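Naming follows writing order (A, B, C and D), and every chain is counted from residue 1.
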Amino acid sequence: MTANTNIRTVDLNSDMGEGFGAYRLGDDEEILKVVSSANVACGFHAGDPEIMATTFRQAKEHGVSVGAHPSFSDLWGFGRRYIPHSTGEIERLVAYQIGAAQALSRYAGHPITHVKAHGALGNLAQTDAGVAGAVTRAIKAVDPSLICLAIALGHQERIAREAGLVVKSEIFADRAYAEDGSLVARKIAGAVIHDPHLAAARVVRMVTAGAIETLSGKSIPTRIDSICVHSDTPAAIRIAGEVRKALASAGFEIRSFSP
Amino acid sequence: MTANTNIRTVDLNSDMGEGFGAYRLGDDEEILKVVSSANVACGFHAGDPEIMATTFRQAKEHGVSVGAHPSFSDLWGFGRRYIPHSTGEIERLVAYQIGAAQALSRYAGHPITHVKAHGALGNLAQTDAGVAGAVTRAIKAVDPSLICLAIALGHQERIAREAGLVVKSEIFADRAYAEDGSLVARKIAGAVIHDPHLAAARVVRMVTAGAIETLSGKSIPTRIDSICVHSDTPAAIRIAGEVRKALASAGFEIRSFSP
Amino acid sequence: MTANTNIRTVDLNSDMGEGFGAYRLGDDEEILKVVSSANVACGFHAGDPEIMATTFRQAKEHGVSVGAHPSFSDLWGFGRRYIPHSTGEIERLVAYQIGAAQALSRYAGHPITHVKAHGALGNLAQTDAGVAGAVTRAIKAVDPSLICLAIALGHQERIAREAGLVVKSEIFADRAYAEDGSLVARKIAGAVIHDPHLAAARVVRMVTAGAIETLSGKSIPTRIDSICVHSDTPAAIRIAGEVRKALASAGFEIRSFSP
Amino acid sequence: MTANTNIRTVDLNSDMGEGFGAYRLGDDEEILKVVSSANVACGFHAGDPEIMATTFRQAKEHGVSVGAHPSFSDLWGFGRRYIPHSTGEIERLVAYQIGAAQALSRYAGHPITHVKAHGALGNLAQTDAGVAGAVTRAIKAVDPSLICLAIALGHQERIAREAGLVVKSEIFADRAYAEDGSLVARKIAGAVIHDPHLAAARVVRMVTAGAIETLSGKSIPTRIDSICVHSDTPAAIRIAGEVRKALASAGFEIRSFSP
């Protein structure tokens, strides 16, 4: 990092450690060359103690910050199903997973610095203030110094900030935004951006403008600390690489939001 | 606690929070009136985030210290089966569980202060130096201030102490000891003591003498910091109650080994 | 059974084999003295191969017919949570569980003769025609000779019958009925009948009348082949016993609907 | 099939349906073009109702016979760990899985015709007469018309045959044999054959001779009904393809042992 205070930084984050026993999704080795933060599965939708420790170690080697990526308990559904829970239950299952990630990241010599809710839990935390509050309370109870990584413009971002947590806001590299700033549902045409160059150019525009760009071209101002990219297909990794390259060309330094 | 330095103290510990979802084993409310330390299941042989948080809260109300009670991942076998693992795998599954217990105990306002391995893992840690070392390394890596509660006269006790952990040694209220100081296997006649008064009198003799008593009547000197009692049957709770009463009558104060 | 064709018969059914590994709910030995049909958990919300085989054997000894009791895959939530599934997924998870129950019941020498959906799946099959169709298709695909035990007046009953399955209809001994014939939600006052004598008298009235009795006293005619009773508390078993006694006094023979 | 009675047939079998939820191992579409029989995971080491039904359907489309591939309950360890069980427990967990596979294969319109034990369970069934007997009793109890596919020269083969089951014997395309006819442990150099042409030539020699070939070149006569090939790596699929080609060139028809 230079002394030039004009250098703007932005984080690239990706879900990682998505495996269980003999199974693996995603190419963690490749995506670790691209991102600055990794959200590590904690055993409820993916992840086991072996994979978690390995992922924390690999992230350390690549200088990538790590966070807990808690989820509903749903190995079969990969955490993507909306499983009914009370907010109290959500507090406790999030706390459990943060603790497991803290322990294994310490064991691996690379302690977690953030928490990001996964899948259906993450989506609910964006749209449901009760769930956002539950995730917030879990983080505060276990370790209030952990950063809450939240989807830009959702309940999680606002409620965690009001509760005194450090909050970082993320946008998605490959997902279209609706007029209200929410993500367009995957089943709708145009919801997912497949072209790496289009995705990268859009990300640069959004980060430069400090605003998300909706499908209709509208701009909604928001804080943008991180770009979420994926590693589960070769195409996703290409998008991630292009996003990184384009941001660098535009003068952004890719750096974790964690201190 | 009086200023009388002659008052000797001893801890009573029991496994707790042994349930999963709709299921419960043991009568935690009753045993919490008797013991001074609780070993709380962490989700691998028993326990889920709900039960863990509830157990930590109940223990706090009763002034009972709490610890993590990690196990092999064996919900079906209740952690009693010897499931093949490398020592590295044991390190990581123990670390995971300690972390989960730390988080939920902080969430419940009553942080854990010790770790005791459960079932087959605990037995192996007593008899197998490799496993004892793995449990030790996990505790050190996650939080070296945690006390290791170990079976008296086994490898766990020695190896954890050599590694610099604070170690407390436990004997069993209702289990007979063989000539080498190991527990007599349950299938052998006389292995389990069913009479509460016999059990209590034997415990008082052992704690007073600072030695375990073998089936043949031999004495093997050992440090005794805690007595392990059970809560899974009404008979077990009666034994626990008698042990507490007899120890009190003999002048012992029942107090957790945790500061 | 006598030649007297005036003897009316009715079945009493209860969920059974509700345990997992070291855990048990309900007192199967006691309820087996009361009922004529048992719905046996198949491993998804409760049940493992050991408990299933034991339950089939015990039912055989008591002359109690057995059926599969499939559920959402939800060990933690005991099958009571509405977990999102496509109807295709429901077909396949029901088929899987029926097969497992067929195999273990044959192994135990007492083949299953019916299927009854459990918990949230059973409730959905009553209120959601899509789910009722999925359960129906699973039964037909695996073994169309299996009887479908369905809640009276719901979609499951109608759709399974239209599909050509033999359908038997059940009412609940301890649950109040709303004006539309559906069960009053448990959280509403009066939803659960706790007095064994009131419950038994109501059952006799309903079976005699061939109609369910709503909270307001209205009668809704329905076929009644079986009364569902519970075994999970001593109070539930007392209700079951009273229901049996009252039905016998009123001249009903308690007999399984299975041939 | 021609009337030429000189045409000799041999089966090629492979494990299939090895996935869980979002996870997949192996390339089932590719291996289905090569083999004549598929051993389908039943949910205990891999497999869920979705994957099972899909695999049965795909096998049907390719004209490939299917069987149940039961395992210890060990999703994390992929059924490769020797988990302690009584022989009675093995009977029941095998019965459960056969039933599940029967139901889903009927649902898919392609009923299973054989059973082959997986991983650690399969290895034990070869070397431990008690386990071989347990697997045998499970098959007989659930459906004695199912063929037992067993490793050549082991206990499973002999005991299942003595019990009256139809037994088919398999050899491995890519594994070296020790002097006693057992498989050389994977950790020993030369245990696994990586060259597709060497593997294929050896298979042709063994099938032609009706004998396995040991590392030292010794011949041990055995019945050979099937060749086990793998699908978990592109290399494994190449070996499978070469084996098929070489057998065809040598005049063998690749055909399932199932009628």
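Quick note on the criterion: contacts are C-beta pairs under 8 Å (C-beta built on N, C-alpha and C of every residue); 3 or more make two chains touch, one makes a residue touch a chain.
Values in this document were obtained by computation on a predicted structure and should not be read as measured data.
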When chain B is superposed on chain D by its C-alpha atoms, the rotation angle in degrees, nearest 5: 180
Recurring contact interface, reference A-D, options B-D, C-D or B-C [over half identical by residue number]: B-C
Interface with more contacting C-beta pairs, comparing A-B to B-C: A-B
Approximate Å spacing (C-alpha centroids) for the pair chain B, chain C: 42
Centre distance in Å when chain A and chain B are each reduced to the mean of their C-alpha atoms: 40
Where chain D touches two or more other chains, by residue: 76-77
Touching residues (chain side chain B, partner chain A) in the complex: 43, 49-50, 52-53, 89, 91-93, 95-104, 106-107, 138, 141-143
Contacting residues of chain B [partner chain D, same complex]: 73, 76-77, 81-84
Contact set on chain A toward chain D in their complex: 19-25, 46, 48, 75-78
